[in-house]
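Okay, got some structures for you below.
Below, subunit A partners subunit B and then partners subunit C, in two separate complexes.
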Partner chain A sequence: MIKLANEADAIYEAQYQTMQKSGAAQRRAGSYQAFLERGLPNRRVESWHYTDLKAALAKPAPLAAGDERKPLLARTHDSIRLVTLDGKFRPDLSDLSELPVGLRVRSLHEALADDNPEINVALWPDGAGAEDAAVALNGALMQDGVVVSVSSGATIARPIEFVTLVGASLPEAIFTRSALIVGAGASVKAIETAGVLERETSNATQLNHLLALRLEHDSKLDMLSHISGFGGDSVSVFSLNAHLASHAQLKAHQLIEGGGLLRRQLFAALDGEFAGASFNGVTLARGRQHADTTLFVDHRQPHGASHERFRTILDEHAIGVFQGKIVVRPGAQKTDGVMQSKAILLSDGATMNNKPELEIFADDVKCGHGAACGRLDQDQLFYLMARGLPRGEAQSLLLEAFANESLIDISDYRSRDFVLERIGGWLAERTPS
Partner chain B sequence: MMAARQETVARVEAIDVDAYKYGFTTDIESEKAPKGLGEDIVRFISAKKNEPEWLTQWRLEAYRRWLTMREPDWARVHYPPIDYQDLYYYAAPKSTPGPKTLDDVDPELLRTYEKLGIPLREQEILAGVETRKIAVDAVFDSVSVATTFKEELAKAGVIFCPISEAVQTHPELVRQYLGSVVPVTDNFFATLNSAVYSDGSFVYVPKGVRCPMELSTYFRINEQKTGQFERTLIIADAGSYVSYLEGCTAPKRDENQLHAAVVELVALDDAEIKYSTVQNWYPGDSSGRGGIYNFVTKRGDCRGRNSHISWTQVETGSAITWKYPSCILRGDNSQGEFYSIAVSNGHQQVDSGTKMIHLGRNTKSRIVSKGISAGKSQNTYRGQVSAHRRADNARNYTQCDSLLIGHDCGAHTVPYIESKNTSAQFEHEATTSKISEDQLFYAMQRGLTAEEATALIVNGFVRDVLQQLPMEFAVEAQKLISISLEGSVG
Partner chain C sequence: MLEIRNLHVSVGDREILKGLTLTVKDGEVAAIMGPNGTGKSTLSYVIAGREGYEVTQGEVLINGENILDLAPHERAARGLFLAFQYPVEIPGVATMQFLKAMLNAQRRARGEPELQTPDLMKLVREAAAKLGVSQEMLRRPLNSGFSGGEKKRMEILQMALLEPSVGILDETDSGLDIDALRVVSDGVNSLRSPQRSFLVITHYQRLLDYIRPDSVHVMAQGVIQRSGGPELALELEKNGYRDYLAGEAA
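Moving on to the complex of A and B:
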């Protein structure tokens, strides 16, 4: 028995005891054990070097109790919506009535009860993601979520949207885990949306969400993640854990609008030949927001390709973090890996930490990374202002163009317009510097 | 170019895979402190050096601090735990009570340095045609055995002597600057060094003086089971310039030997220090037995305005390298540079890089790191660039490239780039690849063998860094790189 060191650990222990009874007891126990061995990560843990989760979660909030309200949700995307509210999958708020052929949707509870090995392997991915303490804690305390399987060869035209909402007005801790299994040869679009329900929602939510993706042989997934609206005292960890079989292709974009302390972790294991993944994203943060994007791409097999392009815009006293690690295992020859992270600091109080890493154990590879950090190009600004644009507008235009660099690959124009609109809105709210 | 290449290839062919040409031992009687480490040993070393009380206390404080510290484990290197009680912390050739004139030095020692190609006799360098003069301080195990050109340097006002001598002759300078760049509490190995350092070089270049010749220190570990802990302190006063070279070798032994040095550089207003290292400690044999553990703390403090510190290193030796020559860019408009070639072969492990800490305004830094891994070696670049709130217009450019030769080696890049200032501009680029098939094909099509073609391409790969080295060193370094990679092409 490991001695409980502090208050936070004791609270998690008590929460774990209540969760133990809600299915998958053994797997939960394994996750909890893994969490106990590691503890909440602090800055001494290399992969958490710039984000101190232990300090942020010194006082864990009580587990979310669920919300029986039936709010009216505005529709942003033309999608098949699957809603989790306050840690509970809500079929009543989801579009379950007319699911296309080849699509199966279950709540996490049903999936755990089924104990289907195929789904289990998707829900409990191996590799770096499994080693992470925040993911382990999620595995121990996950309350609900939604598990979607797409049958082999199916093509789903409408995007599947995973909506994770928080509505409680008091601070609560929410643990959700969802999965998307894309069968061999299938082709899918997905949207991941996370946000708050309304203005009255607590600004001190503690959210720990994991979306596991399993892409079987020759499958295709095109996805967009949008995280926004979390309050100044919130602490959230959004993990994406992707597992790619041979020839599978994943294209992921994300827009993160900072809120409190927000950590986005992307884990990708390229576990088959010719698998390809691309991750692109824009992070916007201001005030005292802390926005961390940490990426781990594991090339396990030959001929894999991974491309990452991230842009971060920081205003006021915001702290931005980008950590990206490309690992090429022995034997993963002919890997092609490129990672790029650029940041613009709009204010002297802002901080950017970049840590792009390469870890390479195979010789016949082509890997590179680039990182840059600075302010807006004063010459460009001058050029635009000389043509009559007010300072603020000129800045916005340049910042939009900067962000757009990592969005050009979004194939769906509606998704792209949506993201650009959000960025425009964020920029409009700022006072020009 | 062609001639140089042929020479390189000839050199490579002339030696066996395991040939480390400096692997001989010198049979010389030496005086050692008893094995192990404790306050008595610290006092013993201090007494040996006839040190003032403040320095003895300084060492003891470091020792007590060290006892509370933990060996760092964040680097990507693996080695069995070191038994710090199973080492000799002081070993000195018996016949040298202190370096006086060269005639007092044991002829066996002189022969050693001759064999290593280090000129200790001034007339040898002066004779005949004009060659560039290099003043040498030779450190053998724990003591400095000879320092050349002292008088000529003294005329220019430059102080160049063993640090143990400087403590006696210029205590005020030593006291002012020792530990001011790398504090006693800095890290496990630096703190250990502070407690037990035995000798090293001391350089002081007075205001406005351009040091008339290159200064050089040559480190040699000879004794078995000894650790070498040297301490180098270089102070460039306002408006001065000094170029300093460092070389090192050790005999082949089956055991691992510890080398934990500390180098401190201080550059005041408008001063410039150029520090070059060709590190060729014994790397261990082809099965990974033996070799030096090179755990070194090197740091330069650009304390004055417009000061400039440049580190250039060629790392080919050591079983393990743990080394991050850094610059603290404190003075406004100061500049830091780091040029590195790290070649690893066999079972070597390298974890090396730099830190550029931008504190002052308009500070600039540039990092060019080239890693080449072959055999079963692991080669990591680890670097930090940071700009603090005050560091307006800080500028950094980093390029780190890795080349992999063979299936069993690894190349890793771990940069930390931290900016707290909107006007700071940081750029970082890194690539990892193998030698391009196209380039190889092109070169071989013109009649070069695979080995020759590789040597040519590798030389091109490291060229940016070699150009930063003083001439004599550049030639030596180029040969060294070819030798280190011997046996890795195939």
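Moving on to the complex of A and C:
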């Protein structure tokens, strides 16, 4: 028996006891045990070195009670929307009528009750993601979520949108876990959206969300994640865990708009020959926001490819983190891995921690990484101003161009325009420095 | 009209311009010639408003207004254009997008309605054709991967679109072969007008065979040492700058 060291541990213990009664008791017990062995990570844990989750969650909020309201949700994308509000999957807010052939949607509760091995393997991926303490806590306390399966060979034209919303006006802790299983040869687009429901929403939400992706042989997934951080005192962990079989192709883009303390974790296991994954993203943070993107790509089989391109823009006193690690296992010959992270600091008070890493155990691979931090190029800025652009407009033009470097691979022009518009909006709110 | 009056400029502890005075009237093309390191580029940057230079004394007037307290974009909106010696590459900003932003920023500053894309495209295409700027160049990121000649043509294209009242050409001939020099010079010559003043900064007389100046000024040691007509350029080509460097540390 591990001794409970502090108040936070006691609260999580009580929450675990509550959630134990809602199904998947054995799975939860395994996850909780893994969590207890690690505890909430502090800076001594290497993969959490720049984000002290233990300090941030010293006072865990009570578990979300769910929300019975039926808010009217504005439609941003032409998508099949699947909505989770305050930790509960909401069929009534989702587009469940007339689902296309080949698509099956169920709540996490239903999926757990089914105890289907194919779904279980997607919901509990192995590897680095499973060893992460925040993911383990999610496995113990997950309240709900949505599980989507796409039949082998199906092509779904409309994007499947996973919407995670928070609406409670008092601080609550929310644990959600969703999964997308893409059958062999299937081709799908997905959107992941997270944000607050309305202005009155608590600014101290604690959210721990995991989206598990399982891409079977020769399947294809194009994905855009748009995460708007919650209020100033919020703590959120958004994990994405992707498992790719042979010849599967994942293309993932993300736009992170900071809010409170926000951690984005991307775990990818390339577990079949010729699997390919790309992760590209833009992070925007200002004020006292803390925005962390941590990436772990595990090349387990030969002929895999992974490309990552991240751009971070920090203003005022924001803190940015990028940690990226590409591991190439002994058998994973002919791996092609490139990782690049660049940051622009718009104020002297902003901080960026940039740490790319390679761990290569195979001898015939092509891998590289690069990282850079700096301020806007003053020659470029002067050139634009000398042509008549006011400082703010010149800065915005350069920053949009900088962000755009990681968006050039978005194939869907609507998604691309959407992201560029959000970035433009964020830039328009700032005072030129 | 451009008037520079007793301009003193320092960088750190070092005074680079030491009381430079020069007037370029409406319709006039004035050439400044001078040896390397004499402050010619400093002069163009100070007029355009680049940071890092301290003006300790003097004035620069455009059409009678002192511009030294204005930000670079405000100077541009008042009709100043600097064709850069080294045009800056801006990967990620499409040339066409930049041209639109530049034109509309100045139109907004002057209270004129913004150009819509079809009108802009027409305007740019016509001006580009005259300068041999290809459609393919307009689609590329600004100045990125452009040759020296392409960059200079792009500068003149911007000047043609903005129709400034004062144009400063900083070493526009550097890096150009004879053909490109002719295209660029023709572009400048076609913009000569009774309402527009040009200040052409160059090392060599060669450019002035193509852009015939009304006046030539020799700059050395931070001031205008001598002024004259076009014949002065020929004399410099023959004798070099040594007469003007007397007293400088040998």
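One rule holds in what follows: the second predicted complex is superposed on the first by the 432 of 433 C-alpha atoms of A that agree within 3 Å, B and C clash if a C-alpha of one lies under 4 Å from a C-alpha of the other, contacts with A are read in each partner's own complex, and residues count from 1 in each chain.
The working rule: a contact is a pair of C-beta atoms (placed from the backbone, for glycine too) under 8 Å apart; a residue touches a chain by one contact, two chains touch by 3 or more.
Note that the structure is predicted; figures quoted are calculated from it, not measured.
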item: Three-chain arrangement built on subunit A, subunit B and subunit C clash or fit; value: fit
item: Touched partner set for A:Lys366, first subunit B, second subunit C, both or neither; value: first
item: Subunit B versus subunit C as contact partner of A:Leu397, first or second or both or neither; value: second
item: Contacts of A:Gly374 with subunit B and subunit C, given as first, second, both or neither; value: first
item: First (subunit B), second (subunit C), both or neither touched by A:Gly153; value: neither
item: Touching partner for A:Glu46 - first (subunit B), second (subunit C), both, neither; value: first
item: First, second, both or neither for A:Leu346, with subunit B first and subunit C second; value: first
item: After the two structures are overlaid on chain A, angle v-u-w for subunit B, subunit A, subunit C in degrees (C-alpha centres, nearest 10); value: 70
item: First, second, both or neither for A:Glu357, with subunit B first and subunit C second; value: first
item: First, second, both or neither for A:Pro330, with subunit B first and subunit C second; value: first
item: More subunit A residues in contact - subunit B or subunit C; value: B
item: Least Cα gap, in Å, left between subunit B and subunit C after the two complexes are fitted on chain A; value: 14
item: Complex interface listing, subunit A residues touching subunit B; value: 46, 49, 330, 343, 345-348, 350-375
item: Contacting residues of subunit B [partner subunit A, same complex]; value: 74, 389, 402, 404-434
item: Residues of subunit C that touch subunit A when the two form their complex; value: 48-51, 71-73, 75-77, 82, 84, 87-88, 90-93, 97-98, 101-102, 105-106, 109, 141, 158, 162
item: Touching residues on subunit A, where the partner in the complex is subunit C; value: 377-380, 382-391, 393-394, 397-398, 400-402, 404-405
